[in-house]
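Structure below; questions to follow.
Order of writing sets the chain letters: A, B and C. Residues in each chain are counted from 1.
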């Protein structure tokens, strides 16, 4: 369905771009955690292809795209190599990385939702898998690095909500047969912009209702 | 096979009840870990559908039930919402939650074993997957919360054994063609009761033989 | 393809040997982490069959071999029982365990690559899955034990590289139609020997370029 609107090469290029920027974020965390060069490569790979791998296993698209497309394999290694040699500069351009990461989030929530729908899932399930595609790699990255996933922490800027909005927009378009380059692009841009705004204004989600007064023993 | 004994709506209702109580336990841990509202929803979902998702991927039942049945999707969110607004009360009724959690454990070890057997696995493999269905969500919950899974810790009351006994009873019934509402119900009740007794009397499993004397450097 | 060279019983025996030694390493970590007897059994099982389970899910070989072959199920439990009763002695023979673990690493990287290739994956993807088969169980073991995977840490002797070399040799043999008992055996022995040498001489992989000077705030 998606292929009718985007040419495969455009779709593929966007996917690879998303993988690249997510791989950068994984590699940077590996440097911060003092991992060796192989740890950097592993974390870059897991972060960038983990979400799509989970989606493909759930929808039964085996072997997953990550194992059938050489570009999906090489891209994380290129990103890891760049970070390995240039990490101080990369850290300095942290803002640029966050921008690309937000772009990857926007793209993956859209392509993930469409791919799940193409495999016959319902609209709600497709949007949920689109969300999982967008945030799954980051969760795996944090679990392997032995940290609480930043997706779950209250003291991080909104991350899931922009992806939810983007995936929800795609699901609505699919429902009303209105998915086209314009609406898909709009969904990508909306998710991307929401994430950028959340970082700029430090939008955060609330913790449990009345939490402070209810739990004085908070650590 | 199971459908011959329980009507689908009964089976479905029991599944949803199990999902609900497991979701409560995940949401409560999220509140304790100070996660935000999305972290609460994610942990509730992962805890309640994680075990069944793993089972479905292993037996090749894709897309997994968690993504094809809207009730499986909505139930964890309802539980998360309840905990979000009412968590002090929920914590206070911790005993009730533990009771429901034990019921979920008993139910999932039985339904997980039967579903795996229906997909052609052997008796031992089916019972093992039934056990994995019952305890898998809790393990994922603890991994995401960056804690040692309580399933593995020696200082927690028996959790795996009740599920093992329940799954083993079902496997025996399948072996001797004796699975019927009475025997399945008996398996659920046995697993449930063993878990309740384990909590009441603080039954614990032994650590490695002669551990204390052998490892003076214990942390 | 592999079956043409090794008889199924030889192949099976080697697989079980690999599972046994990996299970020993998982059980020993469980003892060190003070887990109870079920934690020991769970960690032994996850460590020994986790890598192959991931491979089988990715290539669509469901139900995975770990759930269809009783020997794969019993072997980790035997290893866990041995460690449970004999762990001081097992710790003392740590060197022997490391030797067997290296043998398992060499074996799994070869059999994993071949199995993935038999299921139609490309050469690069097959070698990658062979590597994942060899190291995956250990990563799962460390994640469940709430530790940073030793695969990723710079202060551990080389582990991934020997498996990479072994898997790469198999891929080259497959490419040039030169896979036979001699070349497969050579790949196993090369991976095994490299791992033994890495432990003996404490070969380690470098951390990110210029790391020390670049990040004075290193913890």
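We adopt the following convention: a contact is a pair of C-beta atoms (placed from the backbone, for glycine too) under 8 Å apart; a residue touches a chain by one contact, two chains touch by 3 or more.
Please read all numbers here as calculations on a predicted model, not as lab measurements.
Student: Subunit B and subunit A are one sequence twice: same or different residues at the contact, by the over-half rule?
Tutor: The interface is built from different residue numbers on each side, given that under half of them are used by both copies.
Student: Rotation angle, subunit B onto subunit C: superpose the C-alpha atoms of these two copies and give the value as a multiple of 5 degrees.
Tutor: It works out to 120 degrees.
Student: What whole-number Å value describes the gap between the mean CA coordinates of subunit A and subunit B?
Tutor: 29
Student: Would you give the residues of subunit B that are in contact with at least 2 other chains, written as numbers and ranges?
Tutor: 57, 60, 143, 146
Student: Sort out for me which residues of subunit C touch subunit A in the complex.
Tutor: Going by the criterion above, the answer is residues 57-60, 119-122, 124-125, 128-129, 139, 143, 146-149, 151-154, 160-161, 204-211, 214-215, 218-219.
Student: List the residues on subunit B that touch subunit A in their complex, please.
Tutor: Touch residues, subunit B against subunit A: 30-40, 42-43, 53, 57, 60, 62-64, 67-68, 70, 73, 83-88, 143-146.
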